[in-house]
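Across the two complexes that follow, chain A remains constant while its partner is chain B and subsequently chain C.
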Partner chain A sequence: MNNQEIISRKGEGLAANQRFRETINAILRQVALYTTVGLMCLFAFFPFLVLMINTFREDQDLYRPQNFPFFFNDPPTLFHITQLFKETNYVVFLRNSVFVGLVVVLITLAIAIPAAYSLARLTGKWGERAGIAIFMVYLVPPTLLFLPLFRMVVALHLNDTIWSLIVVYPTISIPFSTWLLMGFFKSIPKDLEEAAMVDGYSRAAAFLKVVMPLSLSGIIAVVVFTFTLTLHEFIYALTFISSSAQRTLSVGVPTELIRGDVFFWQGLSAATIIVAIPVGILYNLVLDRLISGFTMGAVKG
Partner chain B sequence: MSDSTIGTIPGQEKPRRLLSLADSERFLGSAFLLPAVIYIIALVGVPFVAAIGFSVSDVTVGSTAFDFRGFQNFEAILKTPQFLRALSNSILFAVVTQVFVIIGANLIAQVLAMDFRGKWIARFFIMMPWATPVALGAIAWLWLLDSKFSPFDWVLQRMHLLGPHTLFGPRLHMVFLGREQLAMASIIVVNVWRLTPLASVILMAGLTSISHDILDQANVDGSGFWRTLFEIKLPLIMPIMSIALLFGMIFTLSDMAIVYVLTRGGPVYYTQVLPVWAYMKGIEGGALGEGAAVAIFLFPVLLAVVIFVLRASRRMEVT
Partner chain C sequence: MATVDINNVTKHFDDVRAIDGVTLSVQEGEFLVLLGPSGCGKTTLMRTIAGLEHPTSGEILIDGRNVTGLPPRARDVAMVFQSYALYPHKTVFNNIVFPLKAQGIPKEEWDTRVREAAQVLGLEKLLDRRPRQLSGGERQRVALARAMVRDPKVMLLDEPLSNLDAKLRASARDELQTFQRRLGTTTIFVTHDQVEAMGMGDRIAVMSGGKLRQLGTPHEVYTESADTFVATFLGSPGMNLIPRNGYLLGFRPENFLPREAMPSQSQIETFRFDVKRVEYLGADRLIYGIVDHAPDDVISIARLPSAVTFPIEVHENHEFAVAHEHLRYFDADTGLRISPQPL
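After this line comes the complex of A and B, so read on.
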């Protein structure tokens, strides 16, 4: 064995050692990553897991404190889901929420899209300041306004109907949506519209045919933002509406299924899960667009 | 005429169209903006002024009488022991929440910026608390923190931390929402749970906006993971972090669903916050004037937050 060979063997040994260490490091990094992700998921999703189980638990299973709380001790039952749909106004709440959400989305788009375009393109220097002003409006919280708005809603004879919510919710969604869309419109090169106008489009037509299709991500972000906002909103829904048949989910569920000290826990769990999971999936589907919307609206806007 | 010069090239041989309204920028600019402005003035501006008007009047839910009362509403509120408690709870609630939210959101944003198998489902789980209507999310926690059936109690009992002769004993239940400090801690945990995903989304937007050139350059220059994190990424997302902070503070200060569903301000008034108190006085108690006066106290707090964050974002424009 000459020196040359020894050196090359040593080299191989070192290389193998290096590879081994890299593999170990990669595995450790994976373990750390998945542990962190796992813990985050657990903290975030754990309450929903418990609700999912609770939905199907029998009364005598759920209400015995010694029972294992995270799984079925008795066979699961569909009884409470049937009860939720047949004996409560849950379906009405669902319908009300979807209706309010859709109408408010339409109103918001109809008002915020032109306003954002105006601020981005047509109003020049003071458009920027107006944009900041509109964003500031978003920061005026419902908590400051709900008492006078209650009075106004009564004066308009809208109290106790979902129309009160349809009229008021755009006050929250329009400012944020306008600000978000403004960022989107600004990020589209002016040349594109100008080319369209050279081709004979009017300014308004250029906006509709050129700018709108390019801003689809932003518009989708606004739709999802507005819809979830109407679904989440609590204080106006609680204040303006007192009869069960006009309520939306976020107030209807806690008031209908909690009567004094009596909690219909399985019903409450089911009512929450049935809304939360689809909305969560929807939200996750558009999350990337929401993030890019935020990047353009807030970071570069 | 000069309004539509953009787009028409001078001297171009083209049949001159009649200038329609659809081409006039000044007209379009105002026409497009007007509905939004009217909406905001009618339903934000007017009620905002009315809120101030209410707070100095004796207006109630039942009567339309509107008598000027000066600062009597404010005096009445300031005299009650609830006031200082609600104000300090609101601030404590917001500040402590945000400390945890910002830490958690930074961690989540960093992790979700990486590529790994199962990322979609992980993101779904992590985003759930924010996607769920807040009142319904609070209901989930109402069960978890229940005085008799709390699963946490069960776990603590099995770990011999709860019950006779144990650390948290001798009781069999923690009664999370029935004890002063524990109730406050509980609503903060629930609020952190709900708001962290939102802040993560905002921070992710910030992270994706960092130019890859800068990160590549840092890599070439031999900057390690931590150094890149603390000396490049964090300073660059500082401005957007302040936006996340702004949203979080405002959502916390103005949200009433969590406290209303979980404790209704109790036990006694130990977890009372301004929005819930305003609701209880104004709507449940029928005294719109006093309720409005309570809500008004939110305004200076919110204003301070907004000014603080605007300063931070002005720094952003410089960089």
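After this line comes the complex of A and C, so read on.
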């Protein structure tokens, strides 16, 4: 073995050493990344996990303080779920909530889309100011409004029906949605509609065929926002409605599952998780539709 | 194919007169260029023809039919936007077929017509792509295909080459012109680039400040410029203008040569030229300086082709000359061309 060979072997050894270190580093980076992601996921999922476990626990398991709180110390039971569905109006609340949610979403879309489009395109500089004014309306808290609105609901003979909520919820959802959609419509180049108009379409058809598909992510955001709002809104739902059969989830569940100072924890957990999981999955599905990349390439090179 | 007549059209945006009384006729099958600096009203005029803007007064006739009050869809014009305005959510095929759907053309014809248009523009392989997957030149061709597919009466092109890089622009200019000649569609082309205008237009309409300054063939507007605006806007650099005896004397840089380089037999006007700066541009040399008796702030430029190898130094006072046939005379107040004046 001459000197040169030794040097080249040494070089190879160094190179191998470096490769080895790079591999280790890459692995460590991956481990760090996935550990962080895993912890974040656990953190976000933790409340759901606790609710899910609590749903199936026996009373004596839940109430004994020395028991480990995050696991079944006694065998799980379906008793409280059966109770929720059989002995309370839960199914009615669920139906009412979904119905109110869907109708309010439709009303909101029907009014906010044309409003936002006309404010974004047709009124020049006043559009911007009107948009801000509309957004201000959204900032007035329901705690200030529920009494006057209750008088109006009574005047319309809608008190104690879910229709009172269907009439009132759009006062919150429309201003916010209009403001949100204005941003989306403004981000779509005017050229696209004009091209459609020169290509032979009316303004309305150009809107439907070009602007709407491109604002889909904004429209989905509005649907999600409005539906969530109707699901968790409490003050109006509490004050406008007194009979159990007309109640929605947000008020019905606490009124039926908290009796005096007795909390039916398993029932409450079940009532919440049954709504939260499908809604969570649904939102995850649609929110992935980020179409912002969609408009790229439409304009300029 | 159709004619377009613009009769005394004005368009005001609040106080701004974007178009100020323009009258213009475009002939059948003509390639007319609207040329002017930005803000001169050329794009507004085109949008008025398309129906995207409504004129404050005046009327627009396409093929003899008054379309002033009609919406864009009833005018049978096609337009290529500066941004191309391709529909980003549609494939190339669906972009091109979109106008056909609006025209109520039977479904069976769609495929053949789209493919025809795509073939003319070399887009057959791109029909399934979306606009964001295309290069600038390809997007421009898709926009053209979408415009031609329904065989419109008039094609309006709004600076379609300005988003292409310089090399592509030259070939696109060539393609576009060949394409227009083949289709024979009346075409109005808006640009601020005089090279595009000179190279492509059958006629050029030069606009400035919302007014039509001159309408003529590229040769006419260049050599017989109607006013000082047209004279200085066209040419690179534009015409030299020197105040003299109450009028403006104009001559183009390429006709302003050292005395020694002038053919001896021609009738010439000589100037003492105080050279301030020399710019070497490869094919040409630009000589900046001040002509004798001209005010200090009136810089004149001579453009010497590389064939003129005569050495010119900075700070030299040299004798330059212009042939009489190349001298132009303009009114000092109105800027309009006037008949030859005593020198």
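Keep in mind that, in the parts below, the second predicted complex is superposed on the first by the 278 of 301 C-alpha atoms of A that agree within 3 Å, B and C clash if a C-alpha of one lies under 4 Å from a C-alpha of the other, contacts with A are read in each partner's own complex, and residues count from 1 in each chain.
Note that in this section contacts are C-beta pairs under 8 Å (C-beta built on N, C-alpha and C of every residue); 3 or more make two chains touch, one makes a residue touch a chain.
Since the structure is predicted, the reported quantities are computational estimates derived from the model, not experimental observations.
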Could you look at A:Gln60 and tell me whether it touches chain B, chain C, both or neither (first, second, both, neither)? neither
Counting only touches as set out at the top, which of chain B and chain C does A:Thr171 meet: first, second, both, neither? first
Quick one: name whichever of chain B and chain C touches more residues of chain A. B
Touching partner for A:Thr35 - first (chain B), second (chain C), both, neither: neither
Have a look at where A:Ser202 lands relative to chain B and chain C in the superposition and call it first, second, both or neither. both
Can A:Asp191 be said to touch chain B (first), chain C (second), both, or neither? second
Which holds for A:Thr23: it touches chain B only (first), chain C only (second), both, or neither? neither
Of the partners chain B and chain C, which touch A:His232 in the superposed model: first, second, both, neither? first
Intersected contact list for chain A, partners chain B and chain C 194, 197-198, 200, 202, 205, 294-295, 298-300
Residues on chain A engaged by chain C in the complex (per definition of touch): 189, 191-192, 194-202, 205, 209-210, 213-214, 293-301
Chain A partner contacts - residues on chain B that touch it in the complex: 4, 6-9, 12, 17, 20, 22-26, 28-33, 35-37, 39-40, 43-44, 46-48, 50-51, 53-54, 59, 61, 107-108, 111, 114, 116, 118, 120, 122-137, 139-144, 148-149, 151, 153-155, 193, 196-197, 201-202, 204-206, 208-209, 239-240, 243, 246, 250, 253-257, 260-261, 274-275, 278-279, 282-283, 288, 291-292, 295-296, 298-299, 302, 306
If you look only at chain A, which of its residues touch chain B in the complex? 30, 33-34, 36-37, 40-41, 43-45, 47-48, 50-51, 54, 62-63, 65, 68-70, 110-112, 114-115, 117-119, 122-123, 127, 130, 134, 136-137, 139-152, 167-168, 170-171, 174-175, 178, 193-194, 197-198, 200, 202-206, 228, 231-232, 234-235, 238-239, 249-251, 253-254, 263, 265, 268-269, 271-272, 275-276, 279-284, 287, 290-292, 294-295, 298-300
Spell out the residues on chain C that touch chain A in their complex, using ranges where they run on. 50-52, 71-73, 77-79, 81-89, 98-99, 102-103, 130-136, 139, 146, 150, 163-164
